[in-house]
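Labels run A, B, C, D and E following the written order; every chain starts at residue 1.
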Amino acid sequence: MAQAVASSTVTRTDEPVLRTDDLVAGYLPGVNILNGCTVDAYDGELIGIIGPNGAGKSTLLKAIFGQVRIRGGAIWLKGEEITSLKADKLVAKGVGMVPQNNNVFPSLSIEENLEMGIFQSPKKFAERFEFVTTLFPELEKRRRQRAGSLSGGERQMVAMSRALMMDPSVLLLDEPSAGLSPVRQDETFLRVAEINRAGVTVIMVEQNARRCLQICHRAYVLDQGKDAYTGTGRELLNDPRVTELYLGTLAADEDAKRKGPATAEPPTASGFTA
Amino acid sequence: ASTPPQESAEPSADIPEGDGTFAVGTILPATGNLAYLGPPEVAGVKLAIADLEAAGFEFDITLTERDSGDTTTDIATQSAGELVDAGVDIAVGAASSGVSFTFIDQMIDGGVVQISPANTSPDFTDYDDEDYYWRTAPSDVLQGRVLGNLMVGDGAENVGIIYINDPYGIGLEENAKQAIESAGGEVSASVPYNPGDTVFSTQVDELLAEDPDAIAVIAFEETASIIPELVNTQGFPSDKVYFVDGNLSNTYEFQPGTLEGAKGTLPGNFASEDFQARLLEIDPALEDFSYAAESYDAVVVAALAAAQAGNDHADAIKANMQSVSAEGEKCETVADCLALIGDGEDVDYDGASGPIEFDENGDPTEAYIGIYQYGADNKYAPLNAEFGSLNEE
Amino acid sequence: MSDTSTVRTHPLVKGEVGPGCAKVDPIVVADGVTRTFGGLTAVDVQHVEIPRNAITALIGPNGAGKTTFFNLLTGFDKPNTGSWSFEGHSLAGVPAYRVARRGMVRTFQLTKSLGRLSVLQNMLLGATKQPGENMFRALVRPLWRNREQEITEKADDLLKRFKLDTKREDYAASLSGGQRKLLEMARALMSDPVLVMLDEPMAGVNPALTQSLLGHIKDLKAQGMSVLFVEHDMHMVRHISDWVIVMAEGRVVAEGPPETVMSDPAVIDAYLGAHHDTDLGEMTGDDRAALAQEAAAEIPVDVSPTPVSDPTPVSDTTPVSDKEEK
Amino acid sequence: MDWGSILGNAAGEIISPTTAAYALAAIGVGVHFGYAGLLNFGQAGFMAVGAYAFAITTLELGFSVPLAILASVIASIIFAFILGIPTLRLRADYLAIVTIAAAEIVRYLVSTVGLTDLTGGSQGLSGYAREFQALNPFGEGTFGIGPWVYSGEQWWVRVFGWGLVAIASVLVWLLMRSPWGRVVKGIREDEDAVRSLGKNVYSYKMQALVLGGVLGALAGVVFILPRAVQPGNYGTALTFFIWTALLLGGAATVWGPIVGSMIFWVVLSLTNGIINGLRSADVLSFISSTQAGQIRFILVGVALMLLVIFRPQGIFGNKKELSFNV
Amino acid sequence: MHTAGQSRTPRFRRWLGGLGAALAGATLATLLVSASAAAEETTPTPTPTPTGDFTTTFTVGGIIRSDDTPLEGVEVLVEGDDFEETGTTAEDGRWAVVVPGRGEYTATLQVDTLPEGVAPRDPDNVTRQVTIGTTNTVNVLFPTGEGSTQRTTFADTLLTRLVYGLNFGLLLALAAIGISLIFGTTGVNNFAHGEMLTFGAIFFYLFTTAFGWNLVVSILATLLLSAAFGWVQDAGLFKPLRRRGVGLVQVLVVTIGLSIVVRYLFLYFFGGGTENLNTGLTDTVALGPVTITAASLVSMGVSIVMLVLVGLFLTRTRIGKATRAVSDNASLAAASGINVDRVIRVVWVMAATLTGLSGILYGLYRGVTWDMGFAILLLLFAAVTLGGLGSAFGALVGALIIGLFTELSTVVIPPDLRFAVALVVLILVLLFRPQGVLGRKERIG
């Protein structure tokens, strides 16, 4: 058996690449969504963030990316404070992000969407385009189609690719697998792991928590705007509290059930007359 | 048809006593398609006030100036409301007949004597105005005839007219047309346009389609757009173009020569050098003097009426307007007239603009119409004048 | 259809199981529905029937035409050809709102929450038969007060289930991505639909919550509703669906009970991936390479318009009735 | 400077009939935009339709006042239908332009030379208010308190205008807290979502358009009672000013349009009074009366911008709602 | 050069007059357009102001010509109560008879005094009734010959309207593209757009006509100022508004306010009159039956070139695509590393420059007034909407449709309804294509 994706721990230098320090942020006056959220990502780490709906996961990513007003705490990138820095400055510093909603430019073609991904260094377009289209060959075929007419999953592919175009050093992903077909989801997770292994620090918000925990080095469970639990992906995956509160038992049950009689019996052609 | 002066001079029982201040309001165009005529009119009013004060007029005079805009805005009705609220005794304005119609009822209801120095629309003659509406400019029944005559006299057999679709344009067009046709000519194209129009190539084409010998342009500010289309682009000879009071102006910025030979009519006597000089003292930037004299006279007649009544109330003024304008001792300057009135004489004011004799409708019955001609520098100079009377019809 | 060597039957099916098979009691029947965009044929459904009082999953690769098919059925888009009926009434050309009134209510994959209405108002809007929605009756409160009370109670109940009760008075625009999905679904349920059509209802919803909601969806069936949903979460599909229809490139390429369909190699190849159940963390390099290939060829060329690889054996050991009892 | 009369004039604007007309028209736009999300930039058109219908039926057909008002209501309903049928399917921003266009078409039509006999051409109409004044219950005398001393006739116009405003406000308030209002607000947020819930979006939009349009027509009637009907008054500027009044007050609020109109007119009157006051006090002696008129507009424009910049939600608006305004 | 102060002087021209003179002096003398100085001082010497008591002189008169040649020696008999006198035409063809007073007269052409070969147009009707009443002078006509009226044919009219429509449409297109760009990137319906057009026209007027600068220099200076105007608007107003997250409708009201302020500033400084541009481009070209100024032809050419350039910019250049990206989703654009504010700034500057240019051309077309931009604002919006909001080529198509319909409709419909016709067309087109001619339908779900 070959080496498992996330089995090795990343050698940590002392300083995280990206750190949010006791972050407090919110949209409406007087209502904080993040209540002192501390998340670290060390160089080369793949960090998963899971948690219930409305926990503040997307808000955290948006706060890092300068799209939510920060009311307290600080954000550090490679030792430099980037609190409230604007998005395009962060992009220039090598941070990329895929938002959860509205993550394509509907009236631009797929190709143009990807061009926007590498807006700041257009010369590398051809090279990067080739890279992302090996990931999602569909996109190559449809390069002239307007993103606004794409299906939900297709958009998601475009959104992922757009962020990958720029070859970031830190990548923030907000539910990249949502809406993708199972095989694409798996592929996406693996690609993310691969990209991460190539040296990109990744912070990934996921609701497909099992898959996410399977591949990430460390993960945080966010609840009510705070980092409630943290640990390696495996630790959390096997933590019954986490399972109960956040992962649910459905997948595990299903797996167990199928590993039972269903897989034991070879598929038969015989029907099931009632 | 004037009322015996003695009668109205006596303070009649139902005329309230004024407040001792002869409050003048103006509602003249500061903006809009007649804005270029605002300054001379305002200057005329101011000059009149200065003259009245210098002549020791018995009442204090206040001046409230308001804009009249044009018919495409709602300024006039607001200004009129403000003047009524401010309690003016007389309101001088508006210049445009169309605008005057929009607030004349407000003045009547508010009990303000409205005296327009420039309204020439025939429609005012029999407007039910309870004697609150007066004007010092003659109805276009006169100017229309003069214009028609002028064109016919220059040999135009087939005439085109482009006119503004408002009471002024309609009235003037009608009278000019009548004059031309009764002289044996033909108005082959008569094209109206609406205030607010800015591009006239269609209308000009429509005019030229009939191949007219001469074209009368009855318009305001829009003339500055009509002429380039007509003369520069379509090459219609400028000396076959006829202007009217609405557009006779020295302020066009055309290429030199554009207007050369064009003629125009303008109610009122030629402004005397002296009068012009005094106006220029009031407003050195004046370039046109249209209706300055009529504005001057509007204030003066009203003041004389107040002086005669010894009462500055609007109702007293309206009751004496006709009396001071006609019959009695002729006088031509404010000082002379006031002195005569002081002596208890009935006066007949003949002012800067002409004889000024009001009929029972509040219209002047006699007037001059000046005829002017443009030179290559696009400035006009007097050519001739025509005298007319509206009484003897 | 073409395979006669094996007899495959199912309690929901009249006759033989296969793509486009006739159902015992269909609620929706679609015939020859096609929709093209420029050169692309997004939907090309020869014949499909949705069973009544069952939970049907519609699965298929991205871009298979599932959403477009939803749009066509519900009157939000016009097909190039085809006819379809709902409870025996033809719906071709019927405007969307009428379709919904007949009891065929759908949700949107890309959520449509009414941002500047509170969550509760969003819910109330979902309810039908409101006298107060008539302009004139609206003026007289007593005419609609009772109904308003009823539906408010119902809405509160749903909100609690969907864990949105704390957000009751907030603007819907302030909801998180997952919460919007939940609201969308809950709102659709307000109208007591006959057939509820959910377009990826659980994408972005926390798995623990998903699990708790499945029970609710099953309840719907118990109440006599039918459910048609699109979903990429195979655990969920497997867990609650009675019937699965697979679309690819606009066509219905397979259908059957979940276990059968999900072990269909063609479906696995085209959609699930062979490693669907493998832990990604434990995956070998070979596995990864294989997976990459699968993903690259997600819509394999060999998925032909005719049924998926004919000799596919149908395997099922879990009778449908079992599930229903859960 | 005579502050007494400046403030007195400004105070007079608070209850002036023109302010009432603006308030009515703004309530109408509030129904369109604030609640139903219809960007109606053609309110001047509705006002023109109302005003002309009232004046023409009075002058030409000798209608009594109630009949003439009915005529203008009917005319505005017809206009709303003519406008609505082709355009209510349009996206909001398209609708904005189309409604301006429709209003301008009305203006061109009523001022066209060919219809001068009926509409008075560019000159407009007057003399229709006699009938109305004949109904004046207050008599001729002058009465009132403080700065609000008017003749009976002036009071009659004011009472009539503000009476209509009050009725309209109550009506809108009742409607907007009803389920009808909920549907309409839902449409403002997302038509398709509302459609998917079984509401006939088109019909609701039409109802809202008609309701707001009728209010606009009544505003037109009130607007012309103290003045003449003039086509030039119904240009885009009027619509813009009404919008301004609405947004000053706050769009989806009951008091917004009313207070907004009052503020608008008070500001207009104050700038005017102060400039003219300064001029007559020789402080601004270098400005001619011409320029004073122009400066007033400049100040109005500046005031408008500042108000929106510093209180974008309007006086009564909800800042929270605004933060979701995309 | 024009003498400053002689003509009606817009106020700022007076203020800037000194500066202008200095600048103009500094500008190479060779750059100066040589305006004919010969045209000075040609006001007709007034015929001496009528003296004598012309209030009591009554005249019947006229002029008699054959085609354009005055006829000398033709006699007209004027008769009235107890009055009869014959007038004879002088060298200039004029005749006049002084009559004793107000009243009814007849004037009869003495046909036999007409020269050989000249006949009255209507030989049976050579007597005119004359009433001396209102005016003291009455002129009458005695037309001779056939009368040579050449009426324009329908086809010619149609062709003329077509060319004018094309011209107008292209002008609109150029002006509309700015609206389309700004709407496209920021979603703002900029109701102050018309003022940017006026801005260009007024400054161009100032440079060419008031200062008399060389055409090219004037154009460049105008464009530069227009660009600066766009920059200032965005930097000073719209960017701060975006920062504060002010809603689009609110921003729209701000643009309404801005429009009022700027428009009345123009009025304050420029005055309310129409000024015509003095560019020296006065030639007219006759294309068959259509007469059109050379300036119009040039402006059509310029419009087409600029429109193509903008189209290419939007679809081919990186910044152009970024523009569209920002318009789709500004926050995502920011997340892609696009400096949204900069893109919007570029758009503003570009739109303002193009609009300034269209102001120049539109000024050439119809003269310069303080509210010229506002007057066509609605047509611009109509063009943009008709073509499909946010689509630059759509704006072109829409503008052409509007332009053509505006002009062509006048063939059958009163000209004062021509804009109404264009707007009806707008509504009709949207009835069948709700997303505009080139707009795209959005996918649902």
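The criterion applied here is as follows: a residue touches a chain if its C-beta (ideal position, glycine included) is under 8 Å from a C-beta of that chain, and two chains touch if they have at least 3 such contacts.
For reference, the UniProt names are A, C = Branched-chain amino acid transport system ATP-binding protein; D, E = Branched-chain amino acid transport system permease protein.
Given the structure is predicted, the values throughout are model-derived calculations rather than measurements.
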Required minimum of steps from chain A to chain C, each step between chains that touch: 1
Partner chains that chain B and chain E have in common: D
Pair exhibiting more inter-chain C-beta contacts, B-D or D-E: D-E
Chain whose average C-alpha position is farthest from chain A's own: B
Identity of the chain that, by mean CA position, is farthest from chain C: B
Most central chain, Cα average position: D
Rounded Å distance, chain C centre to chain E centre (Cα mean): 61
CA centroid of chain A to CA centroid of chain D, Å: 52
Averaged-CA centre spacing for the pair chain B and chain A, given as whole angstrom: 80
Residues of chain A touching at least two other chains: 27-28, 149
Set of chain E residues in contact with two or more other chains: 267, 416, 444-445
Residue numbers of chain B (touch at least two other chains): 31, 35, 165, 192, 194, 196
Touching residues (chain side chain A, partner chain C) in the complex: 1-2, 4-7, 27-28, 51-55, 57-59, 100-101, 134, 137-138, 149-154, 156-157, 174-175, 178-187, 189-190, 193, 207-211, 214-215, 233-234, 244-251, 253-255, 258, 261-262, 265-274
Touch list for chain E against partner chain B, complex: 2, 7-9, 35-36, 38-47, 49-50, 54-55, 61-63, 65, 93-94, 102, 128-129, 131, 133-143, 147-152, 157, 160-161, 164, 168, 209, 267, 271-276, 278, 282, 284, 291-293, 365-367, 369, 372, 375-376, 407, 410, 415-416, 418
Complex contact set, residues of chain A against chain E: 65, 67, 86-88, 91-92, 97, 99, 102-108, 112-113, 115-117, 119-120, 122, 146, 148-149, 162, 166
Contact footprint of chain C on chain D as seen in their complex: 171, 174-175, 178-183, 185-186, 188-190, 192-201, 207, 211, 320-321, 324, 326
Chain C residues touching chain A - in the complex, by the definition given at the top: 6-11, 17, 37, 60-64, 66-68, 109-110, 163, 167, 174-179, 182, 200, 203-212, 214, 232-236, 238-239, 259, 263, 271-273, 275-277, 279-286, 288, 291-292, 294-296, 298, 313-319
